[in-house]
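Here it is: the structure, laid out below.
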């Protein structure tokens, strides 16, 4: 049930870290969209493991197969089934934790909920599931591209190392030119060193992914419960390891007076209503106002570390969990395309909902 | 569409600030719950305007009427219709803005989306809608009480004034003993002065509401997209003026190493699996682990201020918006029961979903 | 939960037969629709009790109140709350059955499901709930009218008395000129006598309502599970006392060969693709083809009769249920606007969904 | 969107007749169910083509693969991905209709809706999609078996040839012993001859599938819109070629008086409340009453016939469609497991919803 996302552009993901395959069924994609396989694969490549020495060394090509919904290179309006076979499952790496609960993992809570769990690599709770989201999100991006909407995420913080430069002063395209995905090359190098050092200690560290969506016209988003930023928040918080979300002025906006925080309107030379500032983050009353939408997503340090930790086993007895397996010391570089994918899924759904409103 | 919330405990709210009434239909409340009208009214009273001089002076008793779904003092399992008549609409206070877009309000975005808007008091975008949520949330609390779950929110920050004391060291019951709803009486006084001063300047200021949920057993929440904290995040971000959400360690957790951040397990004297720390905020992999759930919600300064602001009118011409009407200089004291209500709605829904899983 | 209907034009009904009021919240109605109160009231009047001596003598004016969502005579895109106060509850008429299960009523099944029930007049299971549907459906009709879609239902059978004339040879407008709502005045008279005779015997009788929808363009409806006729079927079967649904050739089509049953295509003088016959009932593969949509709905005899019947009480002891209260001897004349309302709700929802598809 | 079915036991099907594969993702299956692959394959075998000379000669083994959600032979509560590769696609059989609209097929309506269509074998509109439903439905049956619920469908009519014997007087197990799936061996032979003769004429013929569900306890189903029989109706009408649905007394019940039609209650020797007759079909007020649930489903003659038919092409020009490809002369024998599957999906969903209600 909870593996389904979206109202009109609806995705259903499936698959465990060490099962036969992961995948997604996308139901509700408009017909006639050119299905650009290379574009989708490129986003999967941005997420896949093994990109550099600061990401997990699991080897997955993450090559996807199209099972349905595409005919003669175009979407047909019917469900698009995509599958990514799992290639490099070292399930025996996990036999040692088949009876242990890894601290701050989902092992205990899944067991408490379901009575059983697929312990191999975290099973369904593994972030490997997000590959399916990235594939679906890339298709959503293709729909949005036709509408002039683009989405660009990047790493703005690793541990205590923050890049404070506002996004307007950055060349976001540079983010893809380094392994950390930070658009400031100098900070990127420091971040790389920070993560690499953490990796050598067998530890992990958190980070922040920032995201900017441009070209969204005024009117997307729904009032009351399904506000645009509320859905963005849910979508981001549904990504593994996320602990917080803020948009526009965010938590810092709390400290401002209304007279400082309000975004005054003006009419620009083209006759378009604009705001002089954008502390609103492009959203007012849950509905886009035509300005850039931007937000920040906080990721905790990943739970798996290469150190011994105290825990209990499934019988409630004390146990020591030793770090094995292959894991990321810092999740944010690979999280960048995931954040973008979820943003694309949110936006395309609100676009379709808004189309329906044009009665 | 977007005025409906919940999967199994489903609420549909309706009503504008200056219409005939606001209300809610609650579909899916279990049968046989004692419908404690006084309890529900009490939560409405905590949210209603006019509680002190630091809240809006609009006079609404917010007395609710039961239209359906309750028989002989108990819920029957059928939809519960609740209605709160609007009593003190001074719609003419708003005629001056019928053709203007108030900065950082939803005036412009509603117009962009729908072509029309009920400009009286913000219409549907008014926070008055949240009274309906509070009524529904109070009923959700009654269901949760039977299960030993309780929810307590409080104000932890007003503008730059932060109360840093961890919740475990506070007597949260004290929050209800002052107008600000801060459980530290000394800080509460400072906050009151801060807000009152802001009010006198005709300005507004932001704040943070913190919330703690105790007694939630392990196993609530769903994996992948409908994680417990993702739904909490969406629910909170759907409240008017909210700009950010974080749970457990939140944004601060970013700066920690995994070896610091992980919550180690142990078995307590009763045989229950517990964690020694709780940076996870009671949730792992989107599912509750039996520890306290806690989170923070950032509210921006409310947009209506008693000062002139530059803007445009519906024809795109420059306009000066003058502050009139009756508004809160700081929204957080009245937001406390709203945060609790939304948390209750999230939790009761996951409880019911979890019941369904017990096949 | 189950009192909510629709995906984009979503209605939530509430209310018991003998509670304070019944009503509906309509979420997702497009903005800018002229809210024609007289039109809506007219449909309610067609459904209301006491229209003639062959309907129940309960006196309800069924006058509705608008609580929200309408501003300056037009819909605003926000939830429309409508309420119909109950006026003539003779709840004491029902005290005798507070502990009995009336045969073929929902008394027993509600008790089995919920443990409690509001026994007054059937509570939520009463067909009085359909007044809320009729109000919402009338609004849906107003949306459809703008698109050139019209819906006309009529009575085509009462007990064994069938009107076999195909709808194309009838003047359907005549249906509203008699108490039975049969468009053949002669048959209508016979039906009236049939029902009246049944009434005098203290008995009840079944009937069939037929319905024709004209002006639906090709392309409405969704493939696979949400086929247009599948939703129509669900919508009709959700009306109290309905036992069957068929569209196009229906059960009779079973006996035909494909060579007889297939509707051959041709291009008409305007260049529009048409079918020469219409055994498909205007729907192929679950999607409208531009021809008339027509279907038939079977209603059983209403369960309440003015005769003694054997039953059991809530303790499982034998009991004799004596018919009291005020009831319809035949439900179909008043069911005509309900069938139309549900058809309108189905069609408007598919219209909006189809709008969303136009990406 | 419309390829998703169910509220708590939710399935998403995908795949075209001549694409790479068809399949289904099942989200919400309870954890801990023994995943009996042989049982599921057996139901797929009952639906697969080529079973006898009266079914299509397309050769598909319909062997399914498990992609996820099953661990050590049990369901884990996570999404179960099942895939059935397409083996015998003779897509060139369809090149002749790539520009033609086959009468009473979905060719024209899909084109009208989506602008494009996968014309190979009907693409998504092909009944091949139902294999995915049968696989999911078989899993639903496994859940229901644990609760003592069983579902048995059978063929009760082919063309004008009706088997009128009430199901209580039949040995339904005999249905699986002949190619027609009629439990009366003598009638089955006549039906076989009827269908075979139709096949030889290059024509097709309709039929009726009846279905009986036993062991459903009182209390399943939801009031108002999601009545048990309304969902059954929708589920059945969503099957390709279905034109009508009736349950209990159905259309025939229309002709009865209430005094004849009402099912009187009594308490049986075990203390269980029962009804003496069962014209209600096991459902009252949309909720099961503990008696057998039974219903009938009308299937039209399949549209593809081996005869020339007049039609138009995609340009609106006259065209003659000649029957090619491999098709069933009568769909009902293979529809039996599909009807059962949909019934199982409806029932398991209501079971889970009812579990949630037990607050």
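In order of appearance the chains are A, B, C and D, and numbering begins at 1 in each one.
Following the convention adopted for this analysis, a contact is a pair of C-beta atoms (placed from the backbone, for glycine too) under 8 Å apart; a residue touches a chain by one contact, two chains touch by 3 or more.
Just so it is clear, the structure is predicted and the values come from calculations on it, not from any experiment.
Engineer: Tell me which has more C-beta contacts between its two chains, A-C or B-C.
Structural biologist: Most C-beta pairs in contact, of the two: B-C.
Engineer: Taking each chain's centre as the mean of its Cα atoms, which chain lies farthest from subunit A?
Structural biologist: For subunit A, the chain whose C-alpha mean is farthest off is C.
Engineer: Taking the mean of the CA coordinates per chain, how far is subunit C from subunit D in Å?
Structural biologist: Between these chains, centre-to-centre, one finds 26 Å.
Engineer: Quick one: subunit A and subunit C, Cα centre-to-centre, how many Å?
Structural biologist: 46
Engineer: Could you state the distance in Å from the CA-based centre of subunit B to that of subunit C?
Structural biologist: Centres of subunit B and subunit C (C-alpha means) sit 39 Å apart.
Engineer: On subunit A, where are the residues touching two or more other chains?
Structural biologist: Within subunit A, residues 1-4, 8, 13, 31-32, 77-78, 110, 113-114, 124, 223, 353, 357 contact more than one other chain.
Engineer: Please output the residues of subunit B touching subunit A within their complex, sorted ascending.
Structural biologist: Its residues touching subunit A are 1-5, 13, 101, 103-106, 108-110, 112-114, 124-125, 129, 157, 159-160, 198, 203-208, 218-219, 221-227, 229-231, 233-238, 240, 243-251, 253-267, 271, 273, 275, 279-281, 283-290, 298-305, 307, 309-312, 316-318, 353-354, 357.
Engineer: Show me the residue ranges of subunit C that touch subunit B in the complex, using the header's touch definition.
Structural biologist: These residues of subunit C touch subunit B: 1-4, 8, 10, 12-16, 19-23, 25, 27-28, 31-32, 65-69, 71-72, 74, 76-81, 83, 110, 113-118, 123-124.
Engineer: Using the touch rule from the top, collect the residues of subunit D that touch subunit B in their complex.
Structural biologist: Spelled out, the residues of subunit D in touch with subunit B are 8, 30-33, 77-78, 143, 223, 351-353, 355-359.
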